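Alright, structures below, take your time with them.
Heads up, the next two complexes both have chain A, just with different partners, chain B and then chain C.
For the complex of A and B:
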């Protein structure tokens, strides 16, 4: 339905979007994950029509949107600060797009009323029609903004960090609400967020963006379990990252010691620089010196401290190269073991759970320069 | 009123005496903070006004005045066509000036507040509007004479351009010159407040409105105009109060042909007709008060600040 083809946007020589290509299907819920400055807001603004791309094009249902102004695109935009009209009531805010559309306004006030009420009911604000915007809480404002965009039934609804301004409790509820509203309307949602957990929870598909480029487009569980690069793994905040060198004998030499590589990667040629990562909840801690199973990899580390957060406890260990790694235990699985601060343990994981990537281009160039 | 007082008093009674004392001390504190302002306003505004109303009922003799109360001055005002004319002229020129100031100042203010994105440039442009105030009021007014006169700059330019065949004499020493002078002097008092309000409009509101399909005209009338209304009201109050109290511009630019209420007051005071001057003063003050109250009813300024 929506096709983004090699869209590039520069601000003063700096590429905010660098050849973005993406295809979005009818009724999809897409979440766009990226750190601040990754270009995710720019992409949204290009789609909405607030910015014109320097190269590439956006097509919606086969129609090239590049020359189409924002209000004729059939794309709704819910901005980060909600952008509600402060001098209008909730009703008038939501009715705005119906009443005042330049080409196809709804002139029948009964019709306007019916559609506004229907949408407000859907977002759960039917009792707040006559309220002033100032009298609403953050979550309610968010819903009004959503209703105002959805009442005109756009083909595509862009949400710019919709949960960013809400507190944690509300965020949880709005997550569910958003999914419900999406299911009820069948409109394509494009949800931008800097929060990895939100991206994974919301999207049918997750698009990971960094420095204006798409790093990965996949289902949430694929992104989570099989990040396509070390950069994606870094954004997920769930992996311990290492860089090292494949030794050609099924091992990877890192600054903290040599670990067994996943067997799929054993054929990697000798002395290739690689990035390596292991998810924090795949690691098991065992006393130093205990034997490993054949399919396990291990690193020696010194225990520092633990962080308790309800169902999860995170243990921090210091490696031989002074770097700190995290190990996460789910308390529902096993009772937390007490570790002695300063004592050495071995961190063990099934070797096939480790992920190996060719070292990123930057690193390789840097190494080449250093060698020369 | 009584119910709210009760609601406040009842829990107070149940509380310890010390908290009552603390509340009293706090009340005393806020009264002390208020006192300087209250005293100042009483001495410089309320008392003179009361005095003015009182004097307007005194008996006027040729060169003296005594405190016997009479309606003579009031009757004189409302039965003399010259004075009623002057009241009408004041109101008429005020409306024309205000309308012109809105027509000229509002677009400028919207331009500065909305289209100039750079904050520094915005501030510089506003400062530019204030530059005329660096010269004295009198110079600014008198400078219009060589501009508007029969052989003034405007006429010369129009003649040279071939737009007119002979100089327009109506430009100077008429109502027009008074209006032109007042518009030029007071327009900045409209530009400032409106530019301030407009610059506070979140640009994402305009984007949102555009995204919802509204045309530029629609965005202006439904979003920008209502949100800048407080600025218009504040600007109108400034301009109205100053224009209604004007006497210098008309006397300098009309050659004595246009007499606003302010000019009448000056003349009367000059000939020691205090009672009559007070009548004019009261009428002018009432006119201003009604204007300000009416303007303030349009918007709730307290909500905007």
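For the complex of A and C:
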């Protein structure tokens, strides 16, 4: 339905979008994950028609959108700050697109009323029709903004960090609401977020964006379990990252010690620089000196502290190279174990759970930046 | 501040002094306008209080040696001129400020060219206008050449006011309207304009008052028909009678009325838009 073909957008020589290609199917819920400055907002603005790409093409239902102004595109946009019309009531905000549509305005006020109320009911705000915008809370504003966009039934609805301004509780509720609304309307949603958990929870497909390029497009569980590169693993915030050198004999030498590589990598005969990562909930902690199973890899580390957050406890360990790694335990699985601060433990994981990527110069640079 | 009574006293005194200097000329003028007539002169002491000079302005007293002020036509001309200047400058200023919301090639140069209109000495502009009109061979009139210099003078003020308003304007509201399928023109009318309306009012007030008592530019650019400031100045060369003061009091009252209208519209502008919205909804 929507085709994005090598779209590039530069600001003063800096590429905000660097050859983005993506195709979005009818009725999909796509989430776009990227750190700030990755170009995700720029991509939305290009799609909405607020910015013109320097190169490339956007087509919607086979129609080239490059020369089509924003109001002719039929693409809805819910901006991060909601951008409600401050001088209009909730009703008039939602009715705006119906009343003043350039081509098919709804002139019948009963019809306008019916459609506005229907949409407000869908977002759970039917009791707030007469309110002024200033009298609404953040979550209510967010839903008015959504209703205002959905009432005109766009082909595609762009959501720019829609949950970013909400508190954690509300965010949880809106996540469910958004999915429900999406299922009810069948409109294609394009949800941009900087929050990895939100991206995984919301999308049928997750697009990971960094420095104006797409790193991975996959189903959420694939992105989560099999990130396509060390950069994706970093955005997920669920992996301990290492860089090292594969010795060609099934081991990877890192600054913190040598670990057993996943067996898939053993075919690699020659030595090469690699990036390596292991998910934080795949690691088991055992006292120093205890034997490993054959299919396990391990690193020695010193225990620092633990963070307790309900069902999850996160332990922090310091490696030989002073880097800190995280180990996550789900309390429903295991009893919390007490560790002694300053004592050395062995961090163990099934060697095949480790992910190895050929080292990339760009990635290393980014790693250095992240470490600094 | 509360702990520094001396500083506090000094500043209060300073402010009071400022207000005295600001208003005492007007107060003196107002008092003298109630001088007895027709023999009372434009100075203290007040021989006895009367509203003779106010009545004289409207030809309600028997003819005397003091001729009625020849200001009626000038007043109408100045009002008409100020009103048209106000509308034209505000429209131009708003349009220019709108253009400046996006950077365009040469925007810096254009900015200074526009603002120059209020920086150049007025007498020179007036003189230049007179010379140009003579050279081109068009008559100098209050509705032609004077109107032109007034617009050149007030347009930069309107522009700057609107530029400040647009600087604080949240562009995303307009974008939101476009994404709903509403054309940019309708968006301007229904969203942008109501939101910048307070700025438009200020710009109109600026343009009106600047044009209404403009002197140096008008002096050379006008032809035989004078505007109010020129006509008042003209009466000085004959002899000053308290009827001029009475006239001054009346025009000042008019200015205050104008300010009151401005203030009322300003406070209502946001609320009114909302009330209209609610009424539409009920209807």
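Heads up, the rule we're going with is that the second predicted complex is superposed on the first by the 359 of 372 C-alpha atoms of A that agree within 3 Å, B and C clash if a C-alpha of one lies under 4 Å from a C-alpha of the other, contacts with A are read in each partner's own complex, and residues count from 1 in each chain.
Definition applied: a residue touches a chain if its C-beta (ideal position, glycine included) is under 8 Å from a C-beta of that chain, and two chains touch if they have at least 3 such contacts.
The shown structure was predicted, so the numbers you read here are calculated from the model rather than taken from an experiment.
A.B. asks: Are chain B and chain C a fit on chain A, or do they clash, once the structures share the same frame?
C.D. replies: clash
A.B. asks: In the superposed arrangement, which partner chain does A:130 touch: chain B (first), chain C (second), both, or neither?
C.D. replies: In the superposed model, A:130 contacts chain C only, not chain B.
A.B. asks: Who does A:173 touch here: chain B (first), chain C (second), both, or neither?
C.D. replies: Neither partner.
A.B. asks: Could you look at A:263 and tell me whether it touches chain B, chain C, both or neither (first, second, both, neither)?
C.D. replies: It touches nothing on chain B or chain C.
A.B. asks: Quick one: is A:148 in contact with chain B, with chain C, with both, or with neither? Answer first, second, both or neither.
C.D. replies: Both chain B and chain C are touched by A:148.
A.B. asks: Of chain B and chain C, which one touches more residues of chain A?
C.D. replies: C
A.B. asks: Should A:89 be classified as contacting the first partner (chain B), the second (chain C), both, or neither?
C.D. replies: After superposition on chain A, A:89 lies in contact with chain C alone.
A.B. asks: Looking at the overlay, does A:102 come into contact with chain B only (first), chain C only (second), both, or neither?
C.D. replies: In the superposition, A:102 contacts both chain B and chain C.
A.B. asks: What is the contact status of A:71 with respect to chain B (first) and chain C (second): first, second, both, or neither?
C.D. replies: both
A.B. asks: Considering only touches as defined above, state whether A:48 meets chain B (first), chain C (second), both or neither.
C.D. replies: Both chain B and chain C are touched by A:48.
A.B. asks: Pick one for A:81: touches chain B only (first), chain C only (second), both, or neither.
C.D. replies: both
A.B. asks: Looking at chain A, which of its residues have contacts with both chain B and chain C?
C.D. replies: Residues common to the chain A contacts of chain C and of chain B are 48-50, 69-72, 75-77, 79, 81, 83-87, 96-97, 100-103, 148-149, 152, listed in rising order.
A.B. asks: Okay, in this complex, where on chain B does chain A touch?
C.D. replies: Listed in rising order, the residues are 202, 204-205, 207-215, 218, 222-223, 226-227.
A.B. asks: With touch defined as at the start, can you tell me which chain A residues reach chain B in the complex?
C.D. replies: Going by the criterion above, the answer is residues 48-50, 69-72, 75-77, 79, 81, 83-87, 96-97, 100-104, 148-149, 152.
A.B. asks: Please name which positions on chain C make contact with chain A in the complex.
C.D. replies: Touch residues, chain C against chain A: 170, 172-173, 175-184, 186-187, 190-191, 194-195, 270, 273-274, 277-278, 280-281, 283.
A.B. asks: Which of the residues in chain A end up touching chain C in this complex?
C.D. replies: Result: residues 48-50, 69-77, 79, 81, 83-89, 91-92, 96-97, 100-103, 109, 129-130, 132, 145, 148-149, 152, 154, 158 of chain A touch chain C.
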